[in-house]
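For reference, the structures are reproduced in the following blocks.
Each of the two complexes below includes subunit A, the first together with subunit B, the second together with subunit C.
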Partner chain A sequence: MSTTTPPAVGGLTSQELLAGYRTMRVIREFEERLHREFATGEIPGFVHLYAGEEAIAAGVISHLNDDDYVASTHRGHGHALAKGCDVDGMMAEIYGRYDGICHGKGGSMHIADLSKGMLGANGIVGAGPPLVCGVGLTARIRKTAQVGVSFTGDGGSNQGMFLESLNLAAVWNLPVVFVVENNGYAEATSNEFHSSGLDVAKRADGFGIPGVVVDGHDFFAVHEAAGEAIGRARRGDGPTLLECKTNRYYGHFEGDQQTYRAPGEVEELRATRDCLDGFRAAVTEGGLIAAAELDAIDAEALAQIESSVARAKAAAVPDLSEVLTDVYVDY
Partner chain B sequence: MTSVGVIANPASGRDVRRLTSGASVFDNAEKASMVLRLMHGLAASGIDEVVMMPTAPSVAGVLRRQLATRQPPGSAPLPALRFLDQPVTETARDSERAVAAMVAEGVAAIVGLGGDGTQRLIARGCGEIPLCPLSTGTNNAFPEMREATVAGLAVGLVASGRAGTDGLRREAALHVRVERAAGDRDPVEDLALVDLAVTGQRFVGARAVSRADDLRELLVTHASPSAIGLSSVAAALDPVRRGGRQGLHVRLAPVAAAPRRVVVPLAPGVVVPVGVRDHRRIALGEAVELEPADGSIALDGEREIELRRDDRALVRLVAGPRTVDVDAVLRAAAHEPRRALATA
Partner chain C sequence: MARKTSFQNAINEAMLQEMERDERVVVFGEDVVGGSGAPGVLDAWGGVLGVTKGIHARFPDRILDTPISEAAYVGAAAGAAASGLRPVAELMFVDFMGVCFDQILNQAAKFRYMFGGKAVTPMVLRTMFGAGIRAASQHSQALYPMFTHVPGIKVVVPSSAYDAKGLLIQSIRDDDPVIFFEHKALYTLEGDVPEEAYAIPFGEANVVRSGGDVTIVALGRMVGVAQEAAKVLAGEGIEAEIVDPRTTSPLDEETILESIEETGRLVVVDEAGPRCGFAADIAALAAEKAFGDLKAPIRTVTPPHTPVPFSPVLEDAYVPDAAKVAAAVREVTGAAAPAGVA
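Up next, the complex of A and B:
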């Protein structure tokens, strides 16, 4: 229990509350729209949707500054949007257009924007944690107060490099937070079949760092625990493993038939574990924010996504002469 | 056939207190080992069956593996192990469902492995069935930290009827009811076993009470000077015996503004000053109306109910569950041969 730090949750201003809600709503609308657009066949490549998991990206990343770093996953749209990547640029990128934040050459799984501290989505499962160990080491050597946060799925947490990163961060006492988004599945494999013991957080014990579990559908719970973990990292107190129990509303990738899920599973989740519904109930019932203010954000987010899709569709694809630009770096 | 229910909460020992205090981590494999050792104790009284809440493999799988391999030669046959047929949601619902099922089946006793929060969930539903609360961590005030084998011996004597009711202790509880001023919110009722506190933290969030300086009020069922947690504040002012007919009501303030301060162990590794306005004893049955506040009500150290200034919250000291007093049961068994295990 800390007696000196400012209130972690009770102290959320209404501005911060509205910002958290906006982030979650923008991600939700972004993903819901991609779900529909992908079915038309116009979007190249693969997309893995983040709908259902928004409270994690919003709750964790709201504690980060532009010069803090995030290393994301194949399911990375939410992390990028929360880290401040431009909505139009993201949509255009996923459509493979030149206006995209990587000029349409990255697509959904390689979206990156270093100016926002977004190290990138990542097609290699489990590859985020070693990247933030690099961030953490740099911050320590240069004596900045920067923090690195990686995201990994429950499946990714079985990768050797995830465990190696926990060890490295522990022995070097790095300013990093390893967030695990445990949505119960790795592709079609339920975690009952891929992990012995469902708490990934428990693995922290073996490396001598704290491992904490929170409800990943609850913005306030994620925000509070992440605030403590990121605060620890910034103060030089070392790494934390933060496991968020969550669910994805769509298939592993768009087009997944989801035959491995029980009938009604997703409908039940949408009805009972929706971070946006939970947030709305908490702030309106508590009299902190009027429902109309949230409605206004809903409408703005919808319009913003609508316009980003229209712009993306109208934008040009990169010219053939661009194939090798931005791909290699000269040192 | 005599059955004993066991609820081992796989989620206990993993909350944000690992970051905000020096609370230790309690391994799920160790919870499984505790259940196995408990079963050896129960076996000495010839308990037929252990009925368990199903959990993720972290507890249940390890237990199954251990049952298959570790049977010391010469020990009494272990009770059969049966898992209740219910889904695993990894939420508090699992414990609530399991308690209801155990009550419906008529188990002779329930053993709870977990922290104060877990025991609270069990106590809300177990009625008059004796509860043996075992701690799986260092930061609890209600369950005892004790060897499961010994607890199993005592629970076995109680469940088989040989201990009578002498070794059972009637606990007190704090019942809270919150009436909502605004029409869109339902009234809430709940129970705390050790302490109920009003904090300035407005959301339930990560649950644990993580700050001392915005505590407004505290009520306790008992206050032991050697306890850790919120009840240590009450114990520093006026220790109150467990299982008695009195509790304590303490009104708090920020340290700088308080007429009195006490230095207490609020969490493992956290010894801090807490500001006190005043305190007074409350009697069994007495109701206390909480001061209007924006914040939340924490039950046994975990924020549970979000509170608004215009809500009306009434707290009453009431009779709680019956718990197994392990020392008392085993002492009686030593003095009365008919109750002793050797004559089983």
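Up next, the complex of A and C:
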């Protein structure tokens, strides 16, 4: 363990740097492991992996407190992990176990924990932005410093409700940040085809709010831009649209053959744009963080995921009576 | 010439044949081609489960991928239909009706009536529905009762490959807006399907199985479940008649009522919820128009009034199965359950 306090990178202390790295590594291990486990046939349902996009969840959510809210997407594991959802609980949920974070009733696409400010992964593309407008309204009316952050894909940015939310947040001056994770694809369709005007951030202009584009592979760039946007929201200066250019390493969902991608596309991305590699190079080069410290985090993350999978597999499935519970608070 | 083919292939073939026959037929939806604008191959998906695959090769100009903008493209289907095309739009999962329902509910459904009979809106909205593939609460619903409730639209729920082809062709040729429900667990179901085009008229139920002891009304995937139950019951000496209405709007009341007249007993099996749903609708029909024929109370077998749960054990408990159907039939026929059956 390092005992010295190295100078900050991009305003980040070594503690913050290590925390950011840990978040990204845990997400990566979680997703890589799910990819392998899914292939065995043991994981039910639809699973959309976040591998390759970790710098966004880690860079944005590191600015948030437990009482700030995140509304996520179908590709939500990374946001949930960064927001502090329990790793074991998430894994058990994905396996459909009673110990799961939603008692096995939601699965991968509906992971949520309100106590951590995680308003849920979401099976409906574009559904998050309206929800965080509500979060922003709660904060404004109750005069708290809370913020709401929604994540939406490039594909989701073509939903009417996404665009309506930009306007609503602007006219109500809400403490909200709309993050767009532009990974270039909506399922098998390229954003070259599905979006007219490739920078989603430009859509902010039409609503009179700031629109910012950052490299979503670069933790430091995301962290800095998100810090500004979230700071602006907390100060009462209104919403921001933050577009992060990124890539996904796996298919749209597990099982996707990805014939729409170029041969070697992913290998190239992994070799040249990987957020963990980039981070490691940046912090070890100047001797800010010793490689051994990062290695230790890698080993811890691996062990943590290993143990969460073992627990999930061993955990009990829900009792059948659970079908009927929690439809209402009171009925 | 009939040959064995899948439910999925039957649907694909219906679209291709109608596109061949009528150049006004166009197909669009999310990833119905797949790979648009991308560096790899085109027609990479042909729909999320491959149902539209191959259409692009034959009719590259009449199949279009869409942005994830259901309100816009479902509305465009209504507008295109009203202005001269015969669009077959795809709403990937019916659960997504939430983001585009106005275009169906207040636009397509009402043009003809509101405009004093001056509009025709020959659009088809194909959509996937149903539980059973662990797709959880937002990708598993059976929402046809919501559409059936709306005057002005026709609602089709096929249960076999043969019906899927004939009903889809009728849907495309029909001059009213049609919502065509495809159960995702039926796509691989094989059946005898003629190679040539044929249309099955709406509002004509199919008596899937004849029997004199009880009428079972079922739709979509529940027809197979009812057949499974009927086999078990036949072993116990109970002969069930299975009536598949095939379309919930229009509804073939006559065939259902005739069957009840013969059997005097009714069990309705449905994958949609119990409240204000299809099962309740058929039960009400029987209570109003066949009360005198009934020898026992009507039973409905539906999921509970809950969302669809994710965990496989819960989802399996949620969906009606053959055991539940058989139990309901024994109840109305007064038969004792065989040893070992609860």
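The rule is simple: the second predicted complex is superposed on the first by the 319 of 331 C-alpha atoms of A that agree within 3 Å, B and C clash if a C-alpha of one lies under 4 Å from a C-alpha of the other, contacts with A are read in each partner's own complex, and residues count from 1 in each chain.
One rule holds in what follows: contacts are C-beta pairs under 8 Å (C-beta built on N, C-alpha and C of every residue); 3 or more make two chains touch, one makes a residue touch a chain.
Because the structure is a prediction, the values reported are computed rather than measured.
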Which partner, subunit B or subunit C, touches more subunit A residues: C
Which of subunit B and subunit C A:86 touches, first, second, both or neither: neither
Contacts of A:300 with subunit B and subunit C, given as first, second, both or neither: neither
Contacts of A:45 with subunit B and subunit C, given as first, second, both or neither: second
Partner chain(s) touched by A:32 [first = subunit B, second = subunit C, both, neither]: neither
Subunit B versus subunit C as contact partner of A:164, first or second or both or neither: neither
Touching partner for A:240 - first (subunit B), second (subunit C), both, neither: first
Contacts of A:123 with subunit B and subunit C, given as first, second, both or neither: second
Partner chain(s) touched by A:192 [first = subunit B, second = subunit C, both, neither]: both
Subunit B versus subunit C as contact partner of A:324, first or second or both or neither: second
Set of subunit A residues, in rising order, touched by both subunit B and subunit C: 192
Of subunit A, residues touching subunit B in the complex: 1-3, 5, 7-10, 12, 192, 196-199, 201-202, 204-205, 210-214, 218, 220-221, 223-225, 228-229, 232, 240, 245, 282, 285-288
Of subunit B, residues touching subunit A in the complex: 10-11, 14-21, 25, 27-29, 56-58, 61-62, 90, 182, 184-185, 199-214, 266-267, 270, 272, 294-296, 306, 308
Residues of subunit A that touch subunit C when the two form their complex: 44-46, 96-98, 100, 102, 104-107, 109-110, 122-126, 155-156, 158-161, 185-195, 257-263, 265, 317-318, 320, 322-324, 327
Footprint of subunit A on subunit C - complex, ascending: 30-31, 34-42, 44-45, 48, 65-72, 95-96, 98-99, 133-139, 304-307, 309-314, 317-318
